Structure formats: C-alpha cells, structure tokens
Amino acid sequence: MLEIQGIKKSFGGVEAIKGSNFIIEKNKITALIGPNGAGKTTLFDIIAGFTRPDEGRVLYEGEDITDKEPHIIANLGISRTFQQVRLFKNLTIGDHLSMVENNGDMNLIKNIFRKKKVKRVKQETYEQVLEDFGIKQTLETHINDLSFGQRKLLQIAMALQKPHKLLMLDEPVAGVNKVIQTEIENLLLKLKEKNETILLIDHDIELVHRLADHVIALDAGIVICEGAPNEVLKNPKVLEAYLGE
Amino acid sequence: MLSAYLIHIAIIIVIYAILAVSLNVAVGYTGLLNLGHIAFFGIGAYASAILTKNDVPYTLALCASGIMASLFGWLLAKITAKLKGDYLALATLGFGFVVYAVMLNWTKLTRGPLGIPGIQKPNIFGWQITGAGSYLIFASVIALFIVLIIYRIVHSRYGKLLEAVRDDAIGAQALGKNIYHLKVQSMMISAFFAGIAGSLYAHYISYIDPSTFFLSDIIIIFTIVIVGGLASLRGSIIAAIIIIALPELLRFIDIPSSMIGPMRQMIYAVILILILMFRPRGIFGRIDLD
Amino acid sequence: MFLQLLINGLIAGSIYALISSGFSIIYTTNKFVHFAHGSTATVAAYFLYWTFSGLGIPIYITFPLTIFVAALFGFLIHLVIYLPLKKRKTSSVILLIASIGIMIFCDNLMQLLFGANVKILSIFPHGRGIEFLGAYITPIQIAILIIVLILFVGLWTFSKYSRLGKIMRAVADNPELAKTTGINSVRIQHWSFVIGSAIAGLAGILIALEHNIEPSMGTHLMIQGFTAAVIGGVTSLPGSIVGAYVLGLVENFGIWWLPSGYKSAIAFVLLLAFLLVRPQGIFGINKGARE
Amino acid sequence: MPKKLGIMIAGLALFLLIGGGCSRTDAPTTNTSGATETPAVKDTSPIKLGWLGPLTGDVSSVGTANREGTELAVKEINDAGGINGRKVEVVYEDGACDSKTASNAGNKLINVEKVTAIVGGLCSGETLANTTVAEENKVVMVAYGSTAPSLTTAGDYIFRVVPSDSYQGKYAANFVYSTLGKKKVAVLYAKTDYTEGIAQVFIDEYKKLGGEVVLTDTFLQTDRDLKTQLTKVKNSEAEALYFPTYTEAAVVGFKQMKELGLSISIIGPEGYADPKIVAAEGTHDTMYTAPVSPENESFNNKFMAATKRTDVPIYTTHAYDATKILLETIKKVGTDKEMIKNELYNVKNYQGVSGEITFDKNGDLATANYEIMVIKNNKSEKYSAQ
C-alpha cells in the first residue's frame, strides 16, 4: 500500500531522518515506535506532503506522491490526525463533519445559489457519528466548548468519516484520561476487525502490543528492527534505544 | 434643507459599507490581513472613469471595474500566497503604495496628479441618474445586492471553508482542501466588490485623483472593520455608519475649520486604539484576529 | 557624477539607518512592527523646534533633552498601550494596527499644535557644500555619516558584548526560555523601547537639520526605514543599517534612469521583492515568516 | 429570512427611504434661501457666501492667509453698511487641497448652508471636485488660485480670477528662450495638479520656439531629498532650469541646489511669490513669473495691518478680489443665482488688487499679462534686463 524509499531529511544541519525504508501492508495495523525525536512525526509530515524530504521517494499504491501538495495527497485517500489536535476554533462540530466530505463546497458559484444549508439526511448521519464516538454534544456546539478528550475523538471521527484507504493516527491516546483511552482503543479494535489499513504512532507499549499486526522501531529515522509486536518489543536494540541503557 | 447633506453623507456611508463588507470577506472570514484594500477601490474607480470617458456604456464599465480590481486581487493573492501574519500585512501595504505610485506616474493613462475630472453620472438600463437622491437609491440597491451575495457566500459551505482556512490552514489542507485556491478566490471576491465601490464613488464625486486612494483611507476602512467586528457583516455596516457620521458632527461644532482635518483623523486613531485595547472583537465580532 | 550619486545615496542611507536601527532594536526584542517609531522622530523634531526656536534654549541643552524626551515618549507608549495588549496575549498583527493608530494620532497632533507648514531650523548656517573631487557634501551631512557610523559600531558592540545587549538578544531569540531563566523580559522590552526611541530622537534632530520639520516627516521616513530594516534583516541590528544603505543607494542610482517620480515606488518594489523572496533579509535568520 | 439578514436589509432599506423621499426634491432647488424676491419688503437677513480652500494639509499656510484676504474684503463691505443694508456672512470650509475633502465641504456649502455663491477653491483639485454640484445647483464658484487648464471648460458657473496655466507657461517659455537666450533647458516639476499642468505648457511652447528640453524629471510633492534629481540637472548641459513646485519642496530644493553648487539660472511660476520661498536659502538670482499687479503696496499694508502678519502670501490678493467682485455683482443684481452668473460675464477691466480682471466666455481671465520678478538677497524685485 505505502512504500518509503531512502527518505532523508535534515533541519539546519541536524539529520532528523538518515534514510528510512519500510513498507506498510494493506489491511494491517502498522505501528511506528521509537524514542522522542526519532523522526516519527517528521515522517508523517513527509508522507502527507507537509514537508519535502531532502532525498528519497514515497510511493502510494505504486504512485510517487513525494512532491505532491498535501491536499492532493489527502484526496488520494490518505487521512491523518495531528499530534496536537488541529480543529477550527470558531466553527461547530456540524461544520467540521460536513467539511470532511467532498460535497462541492469548493465550488463558489454553486454555493451562492444552493438552497438549504445542511440536508435532513446528512443531519442524521452526523448525529450517528457522534453516538458511535461517544461525543455527547449537539452538532451546533463550538469546538472551544469541547473537552480535550472529545476533541481527540472528533479528530479521529473526522479522519474516519473522510473517504480514505489509509488512516494515519499520530498518538491518538496521548494525554487523554483512562475512560477516553479505553473508548479509543475499542474503536481501533473495531477498525482492526474491519481490516482498515492503519499507520499508528504511539508510546503506549501495551496498546501497540494489543493492536498492531506489524511494528517498526525507528531511531533517527532508521529502522532498527521490524516484525511482529512481541518479537520487536523484546529486541535488545529496541530496548536500548528506548530506555537508553 | 438638511436632508441634501444627509444624502451626501449617506452615499459615502453606503460606499464605505461596501468597502468594509468586502474587506471583511478577506480579513474577517479568510484571515488574509489585507492593508492594500484601498488599491482595489482606486483601481475600480480609475477603470470605471477611464472606460466611461472613452464612451463605454456605464453598466459595462461598472462590471469592468469590478473585474479589473479582482484581477489585481488575483495578482496580490498569488504573490503573497506564502506569507503570513504581519509579513502579509506589510507586503499588502507595500502593494497599496506601489499602485498609488503607478496611478501618480502613469500620466498617459490616469493623467497622473491632474486626475480625471467630469466623470458623468451613471446611466444604467436607460435610467439616467442625476440628483443625489436618486444616486443614493442606485448605490443602496447595489449595496443591498452585494451584501446579499456576500451573506450567501459566507454562510454557505464555501464560507465555512474560508473560515477553516482562517482558523487553521494546515488542518484544512489535511482535509483535502486547496487552501491557495481558497485564499486567491477570497481575495478576488473582496477585490471585485471593492472595485464596484470604487466605480460608485468615481461616478458620484465626478472627479478622482491619486490622493484620494492613499494611506489615511486605509486606516478608515480598517477602523470600520475592526470596530464593527471581524466576520460580522452586520457589524461592518453599522460601524460604517458610526465611523463616517461621527466626525461629520465636527463640522457643526464651531471649532476653527483648520482643526477639523487633524481632529477627524485623531478621532479615528483614538477609536481604533480604544477598541483594540478594550474590545478587540468590536461590536458584533465573534472571532479574534490571531 | 557617479561620486555625487554615491554621496547622495550614502546620505539618504544614513538617514534611513537612523530610523531602521532604532526600529530594529524594538522589533527584535518585542517581535512586532512598531510603525509609530517614525512619529517618535517627528515628536522629537517638534520638541527641538519648540525648545530651540520657541523658547530659545541653547542647543547643548536642547539636543540631549530632545533625545531624553523621545526615549520617554517611546517608553510611555510601550507602558500605556503595548504592555496591556501584550498581557492579553494579542497577536503581533493587533499590535501593528495599534502602532499605525498611534502614528496617525501623533502626526495629526503635531499638525494641530504646530500647523501644517514646514518649520525651518536655522541652527547651523547653510552654505555651499564642501567640494570633494567634483561632488559636494555639507558639514551637516558629514556629521550624519559619522554619527551613523558611530551608531553602527556602538550597536554592534552593545549587542555582542554588553550584558544588557546579550540579554536583549536572548529575549529576542526565545522570550519564553528567557523568562524561565529569570530574565524579566518585560523590563528588557522596556529598555528596548527606551534605546530605540532615543535613537529616533537623535534621528529627529539630524533629519530636522537636513530636511526641515513637518507633521508627516515621520511617516514617510518610517516607510523607508522599515523597508531598509526588512532588506537588511529585521532580526539583525547591523543588518538594518546595511539595508538602509542598500536602499539609499538603489533609490538614488535607480532614479538616474527611471523618472524620479517613481522614487518611492522603488522602495516598495524592493520591499515586496524582499518580503517574497527573502523575508528574513540579507542577514536575518528565517523566523517562520513563511507558511 | 434569518434574523441577522433581516436587520441588514432594514438598515440599507432605510437609505432607500431617505433617497426616495428626497429624490423628488433633488431637482435643483431654485428658490434662494432667506432673501425673498420682492424688493418692496426690506429684507435684512444676511447674505450667505461660501469660501473653500485648504485649511489643513501641505498648502494650508497659503490657504489660511487667503481666507484672511476674503475676511478683509467682507469686513470692508459690512463696515460700509453691507449690501442694500444686508450684512454679508461667509461660511469657511476646509478643502485641504484634496478632492475628497473638498467635495464633502463643497456639498455642505451648497446643500446645507445654501450659500448664494462660493469664493474658492485654491487648488485645482478642490474646484474640479465641485464643478458638477455647482452647475446642478446653479451656484457660482469664483476660484482664486486654481490654474489647471482643464477648468476652462468646467462649466458656465465656474469663474476664476487667476490666469490659466496655459498663459503663464507660454510667457515663461518665451522669456527663457528669447529674453534670457537660453537654448537648452531642464524642467523639474512636482507631481501635483498645478505644477504638472504648467510644466507641460512650458515644454510644448519652448519646443515650438525651437529650444531643446534636455531633461524632464519629476518628484513627489512630499519628497524632501531632491539631490539626485538636481544632480541629473547638473549633469545635463541645461543652461537654465524651470522648477514649478509648491512651497515645502521648493524650500528644500533651493537649499540642496546651493549645496550641490548648481549655478545655472532658475525660473519658476508665480508660486515663488510665497514669502517662505523668497526668504529661503539659496534663492538668490532666482526668477519667477508673476501676474502684473499694480498698487500692491497699499493693499499689503492694509492686509498686514488688519491681520498682524508680516507677509502677504500668494493668492491672498486674488481671494480678496474674488470676494469683492462677487459682492459688487450681488449689489447690482441681488441674490438670484442665474442673474449673478450672467452679470459676472459682463465684468470688464475690473481694477482688482491682484490685477486687471476681465472674464471671457469660459469664465477665465481674458487678459493675463505677466512680468518677471527676481529674488535678490531674499527680496523680490522687478527683473530688469541688465
């Protein structure tokens, strides 16, 4: 599904990624683990097109998407979330959910002469989404009035709601309380059953253990070991890189 | 009687209301801090004046002034696409001055400082507009029409996208929205209506010269938008009434008239600073200028 | 003629440097565009005119007094208007708009108090310039060149070696970090306004001697001064002075070919070009001005 | 209809009402204010005149003095019992030498104050901004300083007591080419309505005479550093420089000419009569064209006595004359606007303080003779060909 070939990226002399190569299989959950500053989020940004790599290629379903604009990559079916939640602080939940679909909102002329704002049938589907994700808020509530946990849930809901083939989650459970954490885990488990292709970044070893089909351990962008979760998590090099013995 | 003078002030208010509402599309809804909006006003005025001078029918000149202004809007949006915050503000301010310098120096087209006198009154679909009263009706109808269009744009799905670009451009991109496309379109819409306002102004005053489209006017439009409140059309209209009418009272108090000019500007400055300090969201605003 | 153009360019550059250096000190420490900096020079010039021509106080008292008043003026603006705004975490754009408001207020206040016409300071007798290989330069212009050079060296050593200078650079690079190390960044920002405005006071005096005094002089020079700071690199003090000379020379050599009416347009085309191609300027470091 | 949109529609509709309500009456208000037509009933309400000129901005130093010129004229007439026993009242409005402010001010004079006639504007932009409003409401405007050629065909109700630039530019060109015998000249002018018009006329006439304009350059009225433009002049082989500009730029320009050691002869338009320029550094041997104006001295003393000024800025005499002519016309034909207009066209050889005034069919000065003044040690005196 997704192939990373020889990606290198340095910021002002500091080599964040020293050439990483790995493959993400379809219908599998792959977890990227590694200490802080291992280049995980930078890799995410490179795949999603927000950052240009110095060298290397990103192939998506065989097509080279390295130099494509972020919105083109997003429309190709790569749906991502951000480490710090990025939502639109003056808009409502309803706005966010309707924005996710390509409902012709980009066409200026059509929008001037469109009759109703949100069709009835859309209203139900969004309310259903809120139920599935356990966000007990109405569609009209503003983002500012949501708790941190609810924002995390909404961000994942939007990523899912968006027509996608690959889901990229950047530390989905970081900073949320236990209740929300278990909710998110159940969600991810449900996705696992539906054979969603997910690329996941997280520090929570148990979560990775329970969820991931395949784990890639990174240090400064280089893959130090790859394989099934229990193998990788016991590998001495990984422990050393993680715990810094 | 007094109403003739009130009509004159009302026409100026209507024109500045269109300017403020159109600026709000770029600043309030899309977060593009454009300090060069006055340039579009000037381009529209000059385009309409020059065209009608070469006996192009008025209705055509009116549309052409909007289109010319939005072409420059496209140009400004393209060259400042990568800039943010106060760098964008200052690049647009620079753009405003460059347009002013061209208006002043391209004497073959704009007659430079001599300005363009004797711009005739509009004649639209056979309705020859002469007096100030009928001009007020004409300007108000156009203003109503513009406000309606902008109202529909900003309250549609498309409008929500503009606001998404304002709140978090990167987040909008991640949802697959082409934010450059949106920014350019927003600037073009804003410039188009500013051009129309320019044409309305030129045909009302019947004489324009570069000095009318310079720094002091940038501040007035900005004061209106900020006092009215960002992302609030109602705010811009009502603030236009307050900000334009207020200093006119100065004319009736008998302070020496050499003091009126500077006093008027000082009032704008004081209102602007007080609003920024104590009510940055303005009267009806609901969002903060980040 | 080339020499005369070079001298014209250097003099113009020095005058812009007087404005851009003060502006750059304030910008690097406070991270917003203090557009009213030009008005500080205007207020200083009028204060000098009022004390010297009005009250007849001799110059060796009025010159330092004007610089002190300008520094106080800058300090008060920061205390009364900018600080409350900063406390509410407003964005730099709001501060920019507030500074434009202050600029409009000061220029019009001067026009109200002193009238709109040009005031001429006849402190030193104007004579024909001293001839120097076919080009002419007057004593005042030489004085301006020398003062700006001293200023350049002074600023450079100040920011590199003096304690306050180093702290200021630290606050400039990372205000939050500076706070954690116990530096009272508000006090430092006050100092930046005092020093920056003092230089504006000096600028007001010299410009009043060279170009006479009128209400809008600050605004016009501020536009050029800001362009110079952007070209040289707003985030670097010496850069802002070099940028001023680049602007002065390009303007004067530019209108050798272009009709001179475009002189101010040259400044803006340069401003636009640098903002787009290299917003951090010649010396500055890229401070996320872009996307 | 959502609530918010409703409010907006109501707000703008309000304007429609005002417009609609008043459009019926926007036909030009023919009835004059105050004064009833019937001479039988002795009407003592004051006659209202309007005055328009720059009281703020770059040219306000000249504007404020011109206003005092008008005040002096009105005081003299009121002291002499006013017009048929009616006192004259003048409403002064600031045009700031900028078309937007001037149009607001003119509109207030015509529509609110309902003035019978207007003395003004000074800058051409001020007058041009009000020509259409004045024509519509049949309000006579007598400009005392707008010399832009485009005013000639601005309308029947537009008069001026200053010659169009076309005369002055031609006169200056002839003087430089034939009297001074300079065959190569440079023209450096400020980008303003007054100076650009006169520079163009000078250039065309000078070329027609066979002279060579080696350099034409400009600067903004707000520029204070003309050194490089002057260096260009020095570098060209020009034997003389025609330098039309307003006071502020002139003062700095002359200082820099002295600094650059520019030694060729300098000629300028009547704007140089401004005492601020005459007293400026580096103006020695500078010549300028000035309309012939007899018995200046007596008016100057009268003016300086009345206003405690030490100088008589440019156009003050013209403002005085414009006011005097208007008031004398009203004395003859009363306050009917149409009759005032027609009567003004009959003004012949009026011996004004600013010179002899005869209006041609366009409301311009029919005759305009000039003389050359030269500044010697900061004093203006008549030029005599040594």
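Going by the order they are written in, the chains are A, B, C and D; count residues from 1 in each one.
Operating definition for what follows: a residue touches a chain if its C-beta (ideal position, glycine included) is under 8 Å from a C-beta of that chain, and two chains touch if they have at least 3 such contacts.
Here the structure is a predicted model, which means the values were calculated and not measured.
The fewest steps needed to get from chain A to chain D, moving only between touching chains, is 2.
The central chain of the assembly on a C-alpha centroid basis is B.
More C-beta pairs touch across one of B-D and C-D than the other; that pair is B-D.
Each chain gets one centre point, the mean of its Cα atoms, and the points for chain B and chain D are 32 Å apart. The distance from the centre of chain A to the centre of chain C, with each centre set as the mean of the Cα atoms, comes to 48 Å. Here the spacing of chain C and chain D, counted between their Cα centres, is 37 Å.
One inter-chain figure worth recording: chain A and chain B are separated by 42 Å, centre to centre, where each centre is the mean of the chain's CA atoms. Contacts with at least two other chains are made by residues 111, 115, 259, 261, 264 of chain C.
The residues of chain D that reach two or more other chains are 56-57, 60, 191, 218, 220, listed in rising order.
Among all residues of chain B, those that touch two or more other chains are 104-105, 155, 258, 261-262. Every residue of chain B that touches chain C in the complex is listed here, in rising order: 33, 79-80, 82-87, 89-91, 94-95, 97-98, 101-102, 104-105, 169, 215-216, 219, 222, 226, 258-259, 261-263, 265-266, 268-270, 272-273, 276-277, 280, 288-290. Considering their complex, residues 56-58, 60-61, 191, 217-220, 222-225, 227-229, 231-232, 234-235, 247-248, 251-252, 255, 258-261, 276, 280-282 of chain D touch chain C.
By the touch criterion given at the top, residues 1, 4-5, 8, 11-12, 111, 115-118, 120, 126-129, 131, 136-138, 141, 211-212, 214, 216-217, 220, 251-252, 255-256, 259-261, 263-264 of chain C touch chain D in their complex.
Within the complex, the chain D residues that touch chain B are 2, 4-5, 7-9, 11-13, 15-16, 18-27, 29, 55-57, 60, 63-64, 92-94, 96, 98-101, 103-104, 107-108, 111-112, 124-125, 128-129, 131-132, 136, 148, 150, 154, 191-193, 196-197, 218, 220.
Touching chain B in their complex are the following residues of chain A: 48, 50, 69-72, 74-75, 80, 82, 86-91, 95, 98-100, 102-108, 111-112, 114, 117, 158, 162.
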